[in-house]
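Across the two complexes that follow, chain A remains constant while its partner is chain B and subsequently chain C.
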Partner chain A sequence: MDDVVGKAQASARPRRAVAGPGWWLTGFVLAITLWGWLATPYAPNEMNVPARLQPPSWAHLAGTDEFGRDILSRLMAGARISLAVGAGAMTLSVLSGALIGMLTGYFGGWLDDALMRLMDALLALPGIVIALLIVAVWGVGLLNTALALGIMGAPVIARVTRSAFLVGREMDYVLAARALGASAARAILKHILPNQITPILVAASINLAGAILAEAGLSYLGLGTQPPDPSWGRMLQEAQRYIGVAWWYALAPGLTITLAVFAFYLLANDIQRALIDRHWQ
Partner chain B sequence: MKATHSRVEKALVLTSAIALLMGACAAPRALPTADSSAQPAAPAETAAPAEPTRLVLRTTTDPDNLDPHVSAASLTQQIMLNVFEGLVKPAPDGGVVPALAESHTVSPDGLTYTFKLRAGARFHNGQPVTAADVQYSFDRLMGKGSPDGKPLTASLADVESVATPDAATCVIKLKQVNASFINLLATLAVLPAANDGQHDKAPIGTGPYRFVSYEPQQRIVLEKFADYWQDTRDMIDQVEFRIIKDDQTALLQLQSGAIDFTGVSSEQLPTLGSSFKVVSHPANSVFILAMNHARPPFDTLKVRQAIAHAIDKDAIIQAVFNGYAVKLGSNMSPVMARFYQDGLQDTYPHNPDKAKALLAEIGYPNGFPMTLSVSSHADLYGRTAQIVADQLAKVGIDVTIETVEWGVWLERIYTNREFDATLIDFTGKLDPQAVLGRYASNFRRNFINYNNPAYDALMEQAVRATDPATQVERYKQAQQVLAEDVAAVFLLDYQFNWAMKPQVEGYTPYPIFFHDLSRLRLTR
Partner chain C sequence: MIITTLLVVVMIFFIFRVIPGDPALIMLGTEADESQVAALRSRLGTDRPLPDQFAGWLAGALRGDLGVSLRFNQPVTKMIVDRLAVSVPLALFAIALVIAISIPLGVLLALARSRLVELSFSYLSQLGMAVPSFWVALLLMMLFGVVLRWIPLGETVNWQRDAVASVRALMLPAIAIALPATAIVARYVRGGLVDQLRQNYMRAALSKGLSFRRAVYRHALRNALMPVTTVLGVIFADIVAGAVIIETVFALPGIGLLLVTAVSYRDFPLIQGLALYIAVVVVALNFAVDLLYRVIDPRVRPGGSARDG
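Then we have the complex of A and B:
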C-alpha cells in the first residue's frame, strides 16, 4: 500500500529533464546571436540597390530590403543589440519591479502607499518623457537605452508582483511558516515567491518583447540604434511601408522577435518547474 | 491665402515630409435642376430634383490656422486656397492669373502697380467686395493698426503704400523694383473688413468654395459658392477633407470607398490595383544634402566636389523613392519651367574614382570622418542618410548618422547652424526669388553659411530687373553658380502621387500645395 501511494505521488510529480524545450530554443537563439557576432552571410550594411526587395531565395534566405541588403545578415547582426537591450531592460524592470512589488505586497502599510504611488507616477508619465530625461542627463548610448526601457517597464512588473504577493501572504502555508518563526525574508523568498512566480514570468516575457520593439521607437531621439546599424525593432519599423509589396521584409524580423520571446517564456517555464521540483524534493 | 513667404522658415520643409495625401470622394453625379437644360444628360435624371454631388478627399493633418493671413502651413494652404483669393491667383504653370483684380498695369519704372478691381465679386456672406475690404486686407497684412505694428507677412516688405483712390482701383507703390512682386500677391487673401476678429473662427473669403465647418482631427467641410464670379455649375457641390494621419489607413479607406482621393506613397502604388486613377507630378521640392560651409573641410570647394562625385542620385531615387523622383542639378525643380536651367544635373556626375582623386589631391587620401544629422519626423531623411553614408564610405568618407528630433533639428541645425551635414527638402514656391534667395549671404535662414558675392549680385540684379528676359537670365545664371560651387549636393525633386476614383476628372497639379477644387468634375 505504502509503496503504491509512493509511486503514485512520484508519477504525479515526475522529475523534469534538466534541458526542457526552453533551454534548447534559448540556446538556439543565443547560438545564432553569437554566430552573427562573428560572421554573417553578407556584410549587414552592404547595399546593392539593383537587388532591392527580392523575395527569399537560396542567395538571400530571408530576402533583401529596400537597399538590397541581406535581411538574414541584418537579423543576425541585429540580434546582439536587440537581445542585449531587451534582456538588459527586462532584467532591470524585473529586479526593481519585483523587489518593490514583493515589499509592498508583503508588508503593505505606508511602504505600500509610498512606493506604489511612485510606481503610479511612473506609469502616468509617458515612457518617452522618461527617455528624454535620461538622454538629457546621461546622454545617448546602448546602456542608457536599456536603462530608459528598464525604468519604463518596472511599474507593470511591480503591480503584477504586488498583487501576487497580496494573495500569497494570506496562504495557509505562509501563515504556518510565519507562525513557526520564519523571518519575513524567508517567507517572501522561500515560500511566496516560488509559488507566485508564474504571473511575474509572464509579465517579464511581455516586457522583453516590449523592450525589443520600443528600442526602435527610441532611435528617433537618437537613443536607440542609429541607422544603418540593424536591430530587430528598427527592421520591423522600416519594413512597415513595404508590407504591401514585400511580405518577407516585415515577416522576418516579426517572426524572429516572436521566436526570441517564445524561447524566453519557455525557458522561464523550465526554470520555474525546476525550482518547484527542487522545492518538492 | 496665406503668407507662406513670410514664414519661410516654418513652411519650408515641413510639408514635403508629410507629403501627400488627399482624397476625394466621388458620389454619383446628379445634375442640379438649374443646369438640366444646359446639360442634355439622361432625361429621367434631370427631371428629378438633383442630389448634390459630393467628394471626400484626404488630408494628413489639422490646419494650423483658418485665418489665411496667419496660417503658415502648406497643407492648410492646399485646402484653403479654394476659399480665399487675392488680387491675383496662382496658375498651374507657375504664373498668376487675374482674380479679384480683373486686370493690372505696371508703371514704366516698375514701382507702381494699378489694379482694376473686379465688379460683381462677392464674399461668401453675400456682401460685395469693395475697395475698402482690399485696403483693410493690405493694412492688416502690413501690421497697420495691430498692437505691435508687426506685419503678418514679409512679402510686402518692399511696399511703400497701398491706396484705393476710387471704388474700382487699388494702387500699390513699391520702394524699389521687385520683379516677383506680382507672384507674391497670389497667396495674399482679400478678407471682408466686417469679419474682423473672426477670420480664424468663421472664415469668409471670395473663392469658389465657402467654408462650412471644421472638426479638429476629423474633417473640414467646404461647399460650392453659387455666387462666385466664374461659372460654378459643373463644380462639385460639397467637398469634405477628411483628416487621416496614417498612409496605410487612407489607402484602405480609398479601397473601401470611404474616401475618393488620397495621396499615396511610391511603395503603396503597386498595391493600389487598377481600379483607381493616379496623377503623379513633381512636387516642386528641392531635396538636398546640405553641408555647413563654415566648418572645415566643407569650406573647401574640392571637398564638396568630391562629395558630389561620390553621390549616386539615381540609386537614391531608386532605393528611397521607388523611382518616383527627378534628378536635380541646382536648387530648382523643372516644374518652375520658365526659370529652370536644365543640364546642370551632370555638373558633377557620379564618379567615385574622381572623388577619391580629388580628396587625395587636397590631402585627404583616406577620407575624413563626418556626422550627418537628420530629423526623425519623416523617415525619408533617415532612409536617404543610410544610402548617402554608404556611397560616401566608398570614397573613404566615414559618415556617422545622427538622428535628431524635429524640434532639435530646427533649433540646433536650422537656427544655430551647429552641424556638419544634413538632409532637407525645401517645398515649392511660386516665386523664383523665394526659391533661390535661400543662398543669398544675407538671407536670415542661410543655414549652410553659403557666401558668394557673385551669387548675391546675380540675385540682386534679378529681383531689381524691370525686363523679364533679364530676370530669367539672372536666375538661370544663379542656378549655374550654385551647381558649380556645390553650394549643396542637389539631389532630387520627388513626386506626389494622387490616387482617386476613376470618376474624378480634372485634377490639375500646381507648383505649390493646392488642390484646385474648381477644376474637379465627377463623371458617371
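Then we have the complex of A and C:
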C-alpha cells in the first residue's frame, strides 16, 4: 500500500503546501464569530416591534424576526455559542476517545475487549438519542449540551485512534524505542501519536462539524441552547411558524449552519492533504 | 452481539439510576411534598433495592412489558408499536429513495473519470452532508406547501387506515432524510467502485472478453457494494429508531417524536422503553447486515473481526 502511494507521489512534482478552501472557509467562519463577539450591527436581543418580519434590506441584511430583532445580528451572536458548544464537545470527544483508542490499540487484550464493547454499546444508539438521554437526565443547558455531544462523538474517535495505534504499535521504531527502555507511555505519546495523528485530527474536524450540526438540531427541538442566548437551531424552530409569510426568516439561519458545518468538513479534507504532502516531502 | 445488547440494556437502566438525585424528585421538581415523592417512588419502583429493580425491569422487558408511561398512562410497549405505523413506512420510503439515487449516481461518477467531475462531486457531497436535514425540511415545506401548494401542510392523517394520505404525508420527510444520506452513500459507492476498477480481477475479466459494462456490473459493483450495505444498514436503523428531528419538523407521530415528547416531560419509563427499543433495532439490523454480507460475499466467514477499521 505504502509502496503504491510512494510511487504515485514520486512521479508527481512535490507540491507546495497551499492553504485549501477548508482553511479559508474556517478562517472566515472564525472571523465572523469573533466579529459577532465584539460587535453586531444591532444588539441581538433588541426588539423593534414596528419593524417586525421585515424582508432583507440595507438596514437589515437578513431581515428581521417576529419581534423586529435583526436576524443577521442574532446569527453573528449565535455563532459564538454554536462554536463554543461544538468546540467543547469536540475537546471532550477527542480527549476521552483518543485516550480509550490509544489504550485499546496499544495494549490490546482484555482492556481492548472491555472498552471497545462499551464503545459498541454506545454506538448501538444513534448519536442524537444519546444526546437526548443525557439531556433527559441532566436537564437542558449549554454545558449539558456540550457534555452530551461530547459523549456522543467519543466512540468514533476511539475507533479511529485504535485503528491508527494498531498499525502504529507494529512499527520498527516503536520496537526500537521499547528495546531501548522507553516506557509504554513514552512509546504511545512520543513515538506513535505524532506519527499517527493525521486520522485523529481529521476525525476531530469531522466531529466538530457533526457537533455543530447536532447542537443546531437539539436547539431546534428546544432541548439545546436556551433563551435568551441566540441560537441558530432555535431560530429555525421559531422561523417555522412564519414560513408562509417570511421566507427569509428560515433562510439565513439554515445557510449559516450549512456554511459552518461545511467549513469544518472541508478543513478535515485539507488537514488530510496537508499532512500527506508534508509526509512525502 | 449479545454482549453488546446486554451492555446497552445495563447502560440504559443505570443512566437513570446512577445520576445524583432521585428520578422522582427530578420529575416532580422542588415543590413536591414528601407524600407525592413517596407515591411516585413506589410507582417507579425506585424505593426497592437496585438489583431488584433491574431484575424486575429486565424480566418485564423480555416479556414485552416496558412499564407504563407516567404522562400518558399507557403501556410503553403499546405506544411504541402504535408509532411504528409511521416510522417503518418512513424508513422504507427514505431508504428506497437513497438507494434509487445514490447507487446510480455513485456508479456514474465513478465511471466519469474526469478530474472536474470528481472534484465538484467531492465538494457537493460534503455540502450535502453539511446541510441540516431539518432546514431542508423547512425549505421543502416552503416550496411544496406554501409556494406550489401541492401538499397540504398540517393535515391530520389516519396512519392505520388512509394509505394514500400517509404516503403523501411521508413524501417530504422522506426526501429531507434522504438528502444527506444520499450524499454519504454516493461517496461510498463511488469510492468503492473506483477502487474495484483498479483491481487485477477487472483486468482479467476484460481480457477474457467480458464487455466493460458486464465486468462492471457483474464483478466490480458487487464488490463495491459490500461496504455500502453497512452504511445503508446504519442509516436504515437510524430512521426506524426514530428520525427524531424530521418527525418533529413535520409533526409526524413516529418513534422520534415520541422520544422528544418523552424527554420534554421527563417521562422516565417511556424514555427507557424507547431507548431499549432503539438499541435492539440497531443491534438487530447490524446483525442482519452481517448475515447479508455472508450471502453477498461467501468469503466472509463467521468469527471474522468486523470491528477493525
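Here are some notes:
FYI, the second predicted complex is superposed on the first by the 160 of 281 C-alpha atoms of A that agree within 3 Å, B and C clash if a C-alpha of one lies under 4 Å from a C-alpha of the other, contacts with A are read in each partner's own complex, and residues count from 1 in each chain.
To be clear about the criterion, contacts are C-beta pairs under 8 Å (C-beta built on N, C-alpha and C of every residue); 3 or more make two chains touch, one makes a residue touch a chain.
A quick note: this is a predicted structure, and the numbers were derived from the prediction, not measured.
With both structures placed on the common chain, the touch criterion links A:38 to neither chain B nor chain C. Contact with chain C, but none with chain B, is seen for A:163 once the two complexes are overlaid on the shared chain. In the superposed model, A:244 makes contact with both chain B and chain C.
Contact comparison for chain A: of chain B and chain C, C touches the greater number of residues.
Once the two complexes are laid over each other on the shared chain, residue contacts for A:121 go to chain C alone; chain B is not touched.
Once chain A of one complex is fitted onto chain A of the other, the partner contacts of A:179 are absent, as it touches neither chain B nor chain C. On chain A, the surface touched by chain B in one complex and the surface touched by chain C in the other have residues 220-222, 240, 243-244 in common. Within the complex, the chain A residues that touch chain C are 21, 116-118, 120-122, 124-126, 128-129, 132-139, 163, 166, 209, 213, 216-217, 220-223, 233, 236, 239-240, 243-244, 247, 250, 253-254, 257-259, 261-262, 265-266, 269.
Chain contact summary for the complex, chain A toward chain B: residues 45-47, 49, 52, 66-68, 219-222, 226-228, 238, 240-245. Of all residues in chain C, those touching chain A in their complex are 3-5, 7-8, 11-12, 15-16, 19, 26, 122-123, 126-127, 129-132, 134-135, 138-139, 141-142, 145-146, 237-238, 241-242, 244-245, 248-249, 259-260, 262-264, 266, 268, 271, 275, 278-279, 282-283, 286, 307-309. The residues of chain B lying in touch with chain A in their complex are 247-248, 265, 267-268, 270-271, 315, 318-320, 376, 379, 382-383, 385-387, 389-390, 400-405.
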